[in-house]
Every structure is written in C-alpha cells, then in structure tokens.
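Per-chain numbering from 1; labels A, B, C and D assigned in written order.
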Amino acid sequence: MKKYISRKIFMYLLTFFVAISINWLIPRMMPGDPILNLISKLSRQATNNARLYAELNQKFGMDKPLFSQYLLYLKNLTQGDLGQSIIFYPKTVAAIVSKALPYSLTLTIPAILLSFLVGNYLGALAARKKMLDNTVLPFWYVLTATPYLWLSMLLAWLLGSKLNLFPISGAYSFSRLPSATLSFVLDYLHHWVLPFASIFFVQLGGWAIGMRNLIIYELDADYSKYLRALGAPDKLVRRYAYRNARLPQITGLAVQLGVVVVGAITTEVVFGYPGIGLILAQAILGQDYFVVQGAFLMVVLCVLGANFFIDIAYIFIDPRVRHSMIGD
Amino acid sequence: MSVEVENLKFYYRTRKGSVKALDDVSFSIADGEILGIAGESGCGKSTLSNGLIHVCPPMELAGGSVRLDGKNLPLDKPDEMNTYRFRNLSIIPQYALNAMNPTVKIGRYVQDLMQSRGIDYSAIEKLFADRLRFVRLPEGIQKRYPIELSGGMKQRVVMVISTLLNPSLLLCDEITSALDVSTQKVVSALVAAFRDEKIVKSVSFVTHDVPVLYQIADRILIMYAGQVAEAGPTEEIIHAAKHPYTQALVAAMPEMASTYRQKKHASIPGKPPALLDPPEGCRFKERCPYRMPCCDERPQKRLVGNGHEVYCWKEDL
Amino acid sequence: MLQVEGLSKTYNKSSRARVRAVNNVSFSVEKGQIVSLIGESGSGKSTIGNMVLQLTKPSSGRILFGNQDITRQRSRSSLKEYYRKVQGVFQDPFSTFNPIFRVDRVFAILHREFFPNEAAEAWQQRVEAALLSVGLTPAAVCGAYCHQLSGGQLQRILIARALLLEAELLVADEIISMLDASTRIDVLNLLGEMRERGLSMMFVTHDLSLGYYISDRVIILYKGVMVESGNTQTVFSDPQHPYSRSLLEAVPRLDVRWDELPPRPASRHEAAMFNPDCDKGSPRMEQIGEDHWIAVRDCLPGTEL
Amino acid sequence: MRLKDNDILHYALRNRKLRIGLAIIAFFMLVMLAGPLFARWEARERAGLYPSAPPNSTNWMGTTKMKEDIFSQFIFGTQSTFLIGFLAGCIGTTIGLSIGFFAGYVGGWFDELLMMLTNILLVIPSIALLIILAAYLPYRGVQIQSVIIGCTAWPWVARAVRSQTLSLKQRGFVSLARISGVSPLRIIFEDIAPNMLSYVVMVFILQFGGAILYAVALDFIGLGPTRGISLGLMMQEAFQNNALQVGYWWWFIPSGLSITLIVSGLFFLNTGLDEVFNPKLRDQ
C-alpha cells in the first residue's frame, strides 16, 4: 500500500516539475531573444521600458548560462515570487492570481460535483426507462457538444439582458464590498447562478451518457444475471449495478477536471467573473506573460492536487484496485 | 416425483427466424436423484437450465410445461416465477467464478440478498456459517471480497449461497468445465454430498464431460440438436447404450485404459444440424450409420429397460 | 532433436512478489516421439511451450535444437530458419485466425515469408496436398472465414500449415481443449499418424486421458516444477510423486468410480521427494526406474534411493 | 474491414443516431463546399448598407457593427473550423495511435517510458498547455493552430489504443504471425491495426469534435488565427462589441449554433458506430 502511494506521489511531483519546466522552456524555445520578444510587445505599453528592461534582465539573469537561469526561476518560484505583472503594474503576479483563485474555485467545484451527481443519477434513470432513453438522451448529446462560451452567451443574453432576471457581469454588484453579510452573499449568489449553470449543464450531458452506457454493461454482467436467477428484485440489481458503474466514473472525474478548465476560462470571460480564467484572458490580450505563466501554474496545481486526491481516495473505494495493489 | 418436464420448447428469436434450441423435451427427476444431462455444444443443455430458472429475451417459452413438487411453474411469467426461484428452484451457473458482486464482501452480499428476498438474515446466519464449514471454507471468508478467493473457493461459496434455502431442484450448469482436475473432483463430490445430506432434493447436472457424470450421476440424459436421444441409468447409458449417437459419443472419449496404438477411437463424421430450420424426423439421421427410410419421421419414445428410454427406429436395439 | 536444460522463467508481478512460473526444467524430445506436458493451470506447461517457440524469453537455462542454442540467437534470419523446422498450434482456433481475413491467408503468409520464389500454382498444389493429408477438402475450406468453419477444421488447417513447412517439431498447446468430443478424436488420430511419419511433438494438455492416449513419454508439472517424468505406461501405472498420484486419482474415468479405485501401494521414495509447496530452491531429477524419473530434494546429500 | 455478414450493415442502416449524425455532417459539408458560391462578399469586406442590421434581403444573416456580411463570414468561418477540426483530429489521432501501438506492442521499458509521458500530459490540462503555446506564437495560422491542438490532444488516445493493442497482442493470430517469421511492423499494420479500424474511426471522430471545441475556446480568448475568420473569432468579435447587452442576436447565435450542431453531429456519429459495433448498447 505504502509503495503504491509513494509511487503516486513521485508521479505527481514529476508531472508538476514537467509542467513548470514547460512553462519556463516555451518562451525560450520561441525564435528570437525572449526578452526582446517581451520588450517588443511591451513597447506598445507606454511604460518607461528602460527601467523595465533592466529589471527583466536582472530578473531573468539572461547573461548567466541557461541552467542557472532555470535554478533562479525555481528559486523564485519556491518563494512564491511569480514575477511582476505588466498590465496591473504595481501588483505582483502572486497577489493577482491568489485573489482570483477563490472565485474560480467557488464556480468550478460546485459545477463539477453537482453535475457529477445529477448526471450520474439521470444516466442511471435513462438506462431504466425506455421513454427517457429515447427522448432525453439525444438532448444530452447536444448539451455535451455545446461550447461553454456559447451556452454562457445564450444564458447571458436570454436570462440576462433580455429578461433581466440575472446580472451578467462581475461576481457581485460594483456598489458593494466583499463582506460576510447575508445581503452580500445573496448578491454574490445572484451573480453566480448563470456562470454556474453554463458549466453545469454542459458537464451534465457527459456524465449522463457515460453512466447510461456503463450501467447497461453492469446490468448485463454475470453478477447481475446471478442475482436475477436467485429472484432478487430489480431494486437490488440496479443498486449494485449503479454502485459499480459509478467507480469508473470517478476515475473519469479526475480526467474531466482538466477539460472543465476550458469551460471555466471562457465562461468567466463571458460573465466578466473575476476568476483565474478572466485574469488569463486579460493577460493574453495585454501580452502580460508573467500573469499568463502564473495563471497556468495555478490551474495546473489545482488540477494535479484534485487528481492526486481522487487517485488516493479511489484505493479506498474500489476493493479490486486495493487488492491488485497489495497482491494476493 | 419431484420434477416432471413435458414437451418443453425454448426458442431464441433472431432476425432470421426463431432458433429451436430446445424442441419438445420430456423427462423426469426422482427425489434424491442426480440426473446428468450431456451432449455436445449446441445440443440445448444450457438452454434447458437457463430457461428453467429465468426466461429472458431473446429466449421465449414456445410450449410444454414443468411441474415441480406437483406445482406447475409459470415459466413465461418472470415475476411470478420469483416466488419459486431460490426457494424451490436454484442454479449454480456456468459463470460461477464471477457470479458475486466484486465490490461487496461475501457476508454483506448474502445479507443484501436475503433482505431483498424478505428473509430475516439472523435466522439464516447460523445456517450459512454451518454450510461454509460443511464445504470446508474458513468462517472468516464472510469478511473477504470475492476477488481474494481462488477459483475452487469461489465455486464452493456460490454452491453454498445457491442452496441456502434448501431448494428441491438444484440446476448445475457446466460447473466443472472451468476448473482443474483436482478441484473438479472436489466440486462434483460436493454436489453428491449436498444430495446425500438432503440439502437439495434433486439435481440436474449439465455438462459435456461424460466421465464426470459416470462418477456422480444416477441417471443420464443424452441430448442431440435440441432433442432427447436417450435417457437411462448411468451404467446402461455408458456401457450398454442403445442409441447410435450415444454409442458413438461414448466411443469417442479416450480414457485411461487404451492408447492410440492399442485401440484407435473413431469420431462421428459430419456436424450437428443448424437449429434455425432443423431437418424433419430424427435429427441424427445425416450422421447415423444405421440410417433407414423411416428415420424421416420423428422417432417415438421406446422403453428398452427399467427407466431406459430411446428415441430411435432401429429394431435390434 | 530438442534438448531443454535447466529452463526457468520468473515473472515479477510487483517488486516483492516474484512468481517462478518455470523452475529448472530439463527434458528432451527425440525424433518421431510425442512428449506430453501435463499439469493443471499455473503449472507452467504453456510457458515452456511458448519458450520453445521463442514467443517468451526464458529467464535462465538453455534450449538446444540440433545442438544449436536458440536462446542465444538474435538475428531474424536465424529465427526464421528455426521456424522452418519448429512450428506450433494454439489452443483457441477462433483466436488463431485473424477474423477479418479468409483462413487461407495463413498459407499465403508462408508462401511470402518462406518460399518467395516458388511459383503460385506449384504452391497451390502443395497447399491442397497438405489439406487433403489432414482430411480436409480444399474446396470447402479455401476462401472461407474462420467463423464459418468448425474448431476441428481450423486446427487441422494449422497442422496442414506445419506440414507445408516440413516442420520436424510441433508444439501443440492444448489444441483440442476447445473442441467437441466427437471432433477432438479426429485431431488426436491425425497427430498419431503424423508421428508415424517422423514428426516429433510436444503435446501440452491438462487432460491426463489425452496424454495417456497419444504420447510416448509424459512429464507431469506442478507449480513450474517437473515432479515426475518418463515412459507413459510406467508413470501412469506406477506413479510415485504424491502430486501425480492425486492427479491420477482425480481423473474421472469411464470404467471405474472414484470410490472404487483400487488402493495404490505406498510410494517407495516418500522421504526424498521434492514438494513444490514447501521446498525452496530447485529440484534434482533422480532416475528410479527404466525411463522413470522423479524430482528429489537436492539438499539431502548421500541419501541412496 | 470487410463486413463479414450483412448483420453489421443491417444495424448500421437502421441506427437512428448514425443517420442523424451523418445528416448533420453532410449538411455542413455542403455548406462548406457550395457555400462560397453564394457568399457575395469577402469575410472582412464592407458589405451591407448599414451596420448591425438584422437579417434582411441583401444580407441574409444581417451585418456586424463593422458592416461585414455575417453570412459570408459564416461560410468561411465554417470552412476554417472544419479544417482545424479535421487537421487537429488527424494529427492527434496519428500521434496517439503510433504511441499507443508501439507502447502496447513492444512493451518493457519502452512502454513504461511512453506511458509515463502520456500520464503526465493526461493530467496537465491540455487547454493550459495550448494557451501557453499559442500565447508565445508570433504568427498564428489555421495550420499552426491545428498542429498545437493536435499535439496536446493525443494522450487519452494513446492510453486507449495501448490497452486495445495489449489485448489484441494476446490473441492467437499475433503469435501465429510471429512464428511465421512476420516482422513486428507488418504484424502491427496487417494484423493488429485492421482489427481496430472501427475503434480508430470512432477515436478520430471524437478528436475531430474535441479539436473544434478547443479551437473555438482558443479563438474566443484571443488566441485564434491572426488572419482569416473562424466561428470562434466571430463570437469573440460579437462579444467584444457587447452584442449581448445590445441584443444583436444574429451576430453570435448562428455561429454558436453551427459549432454545436457540427460537434453534436460528430458525437451522434460516434455513438451510432459504437452501438453498431457492440450490440449491448443499442436502445433497449
């Protein structure tokens, strides 16, 4: 057991290390001198680039050999110094990113978990009722095929500007300051509904379809046949099939995390929701590479953390995995 | 007579028509008797066991009746059959090695099963433990997952579970074919022991392995292409078979007494007929060395000894 | 013909649990001789077959074919030369034929790989001759897909394939366990006929009655260890190793019931026997009769037998 | 793959999902091929009489704020989106296939290494990788965008193909080929690959759809092709010019709808094929 976990930890550390290195390597892979590259982009910002050039040069230590640059980069990273933002000039990247993270998490985590639970339940239902299977199932396919940003725009336009039921930008109305009062929380939720809905519904379809197929396989498995041969009522057969079909869905959850990031980014942009996604989009428009790198690392960190958690938790959920790990 | 089967027919509905897998089969199993049912693959022996316990599409009941302890089984009404399943009629399936839910402990599995069948688990718990000891399985097995057991152990656990309510008829469907020789002997001896201990009243033991039947079966029923060829006491079927197919089948079995050089066994030429539209009359006529014109009509049952029936026109049986 | 010396194969399932599938097995197969490897699942019999066919790399030990150690060969040409003389037939006929091609593609592959410059008609003649010699009518078989033929027919096509290469050694790995009782005897008789024509064979099976029926010498395997070997009649009539004795008693027979088996005289070599369940290390083969060997513990020096 | 008996063909023709999928894809192929004949203006050309006009007789789909004709943008946008999806799909499938095949067939440390690489890339969200790659590219054409999408979308393909190859490798006909002296490369392409043809087609369809969704997301956050037009770019421009608040629905509804329809058509096609090849999933 310990060996399995230590191998997993090693794998995730390695993955994180590779992610950081990619993040560091790409600007250097690009043709031309990365600093000149950055400066040529910066020159359009009317800040005094002489001082910035000196600072960047010192920051990157371009004269030193490549490897020591890399060590410098890692050292800064460990102290949480992700560099200086250009478009939000005085603020450091670490500050910007850590301020945006809570908003992203409150949006994506509920969307992922709720869509997982509701989707699996609906999928199990569809495998049982033929009527549901023929009418709703094709609708779910269309749902998974919908780009997140289009669903967000549709909801924003329909429920937002046309019917004026929900605000369509920001995490809370501008006149308020974040405080723990009930009215602020209500206002916050009021802004939260539409972005949540657009991630939730697109994810929902995927889980429902996955569960519908998995349950059909489980209902056809030998242990279900044996239960029916012993006269067990459908309720028990379905309960067992649902539990076993949910296990592969949990591993699916881990993989899905990486995909849902796409949705989060574009949805946040449409609703102007101040999460990591919006920061990333603004940084790209403003050619602010430090923020882009910082946002990338934060996204990768969250996804890796969640994946690691699910991998370890899965050992305690599925006895077959636990058994194959310890060896008979 | 605990089990009487009359003109039973199970067909499979397919796109090209219905496959007559089991076509007008009649036999009976006395109390305390192990009836061996043998035949090559495709002769309908597994269709018989699965049909008796659970008729589900694409299989359908096309005719005939089955009486168990005098009561007519509603084979074509699955939910009505539920009252009989597991209580009076139970099965050890061919896929016994993965018949238990892999993610549930064995004790928990039996508990769920009992509660779902409306049986109070505390009454059964002691019996379940005794039966596990009877098949020489450790008590602690209830806390383990099916994946942690060997093939032989899983087979025995399923045998205990299937017979927990002392059914009067136990259907065994090819339970030895997936096992090694030594485990095979243990499992077949256990089936005989279950009958001796009156845990089950009668047993139908389906297999393609005729030597196993010679060891534990009281009577043997030989099936060919969905119909009964011959049925009778084990000794007569093996050493004094009357139906040409049974004679050829037993002759084609190499056994520990003869080698290739001493006695070259002969095989049966040709292939069993397709059951989509089976030939008229005796279905073995294409491959039978004693074929006669009258073989084009369906042979009637003829008694050639006490409880020894043959479906064949041949005069000097 | 084939000399196997000290052959072993260990799989490491996880870094701690190393499974020793084959443990220091040595035997030989002479010309025109059928040697059957009998054992239950997990006894390593198929692994030995695969190692002789060079489908699995042995962990240690040597395999000499005509005094050439094939475990050291590397080049593909030497491998192809080896397959010209040593061929195999596998257990599941329906898995041995690629379902999306016609069955006679296996012959076309032989033509391309081994006889590239032979004329098409001459090759077709030889194919039809080989099919006839295994009791198949070429017209019924050529051009068919594997799901249109019976298991017995498919296995006979593979045997015909070995004949086409004029193979000297055939490794038959459980080739009849998937066949029906009536067709399996045909294939067995065919193997018998080919032995008369000088083809030697390694017959891998878990069914003792088949081993008894067809083979000249027999090797009984248990957990990768060769517990007993020798002439078929001597071993089966006078088994010494406890495992072979229990195996022989477990076989369902058509002539006598289990409880009516005559009691066997006690084994003469109980003490020195190597028991794979509890003894570690590798056994040594000790001759206890004319062509009758059993595995003994190596660590007891000087015990006379 | 030769249809052994007409059973597969029979179910294929009757499968509703397959028919819907094919119909949608055929429609958009038509739009792509015949469309340019009806497009009276270039994508970026000043066309309509007045800006942000709703659909009318001259501009069938209305105009943008910059008086560009939305209908012609729609036609050329569909073309480039289709192209990106196809190219990225091909690249992603090819990389995934070759890594999956060789890791599965060769095994040993080679397999260990490739699978470690695949697992690493599987965990790192490919969109993040894409953004980093795209952000640093000085010039982004349609081809370059499909290359980077393809290069980051292959890990799940590699893992799935590897497990398929491992199971096929155990099949008898691979051992038979090996003892017939057939070279490993030929075994992979003549024995293993054809058996996975149906699976490879389904993988390609999923890659095609996935690539379109990624491309649209990239275009929307400003990393789309610097020249030319794509459906994602149209929606980004609509959003930038607050078409939502002002209600120029014709600017973003058709492009979003057509992306959804293309991708759902592909998903229907994939599920239909899945049901044809493993009957258990058919509608009960």
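One rule holds for everything that comes next: a residue touches a chain if its C-beta (ideal position, glycine included) is under 8 Å from a C-beta of that chain, and two chains touch if they have at least 3 such contacts.
Here the structure is a predicted model, which is why all the values come from computation and not from measurement.
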{"item": "Chain pair, most C-beta pairs within the contact cut-off", "value": "A-D"}
{"item": "Middle chain, criterion being Cα centroid separation", "value": "D"}
{"item": "Whole-Å gap between the CA centroids of chain A and chain D", "value": "21"}
{"item": "Distance from the mean Cα position of chain D to that of chain B, given in whole angstrom", "value": "52"}
{"item": "Euclidean distance of C-alpha centroids - chain A vs chain B, Å", "value": "55"}
{"item": "Junction residues of chain B - those touching two or more other chains", "value": "none"}
{"item": "Two or more partner chains touched - positions in chain D", "value": "none"}
{"item": "Touch list for chain A against partner chain B, complex", "value": "221-223, 225-233, 235-236, 240, 243-244, 247, 318-320, 323, 328"}
{"item": "Contact footprint of chain C on chain B as seen in their complex", "value": "40-41, 180-182, 184-185, 188-189, 208-212, 214-215, 238, 248-250, 252-261, 264-268, 271"}
{"item": "Complex contact set, residues of chain D against chain A", "value": "17, 20, 116, 119-120, 122-129, 131-133, 135-138, 156, 209, 213-214, 216-217, 220-223, 232, 235, 238-239, 244-247, 249, 252-253, 256-257, 259-261, 263-264, 266-268, 271, 274, 280-281, 283-284"}
{"item": "In the complex with chain A, residue positions of chain B that touch it", "value": "53-54, 56, 81-87, 90-91, 93, 95, 98-104, 112-113, 116-117, 145, 147-148, 158, 161-162"}
{"item": "Of all residues in chain A, those that touch chain D in their complex", "value": "11-12, 14-15, 18-19, 22-23, 26-27, 29-31, 37, 130, 133-134, 138, 141-142, 144-150, 153-154, 156-157, 160-162, 168, 209, 213, 216-217, 220, 255, 257-259, 261-262, 265-266, 269-270, 280-281, 284-285, 289, 292-293, 296, 299-300, 303-304, 307"}
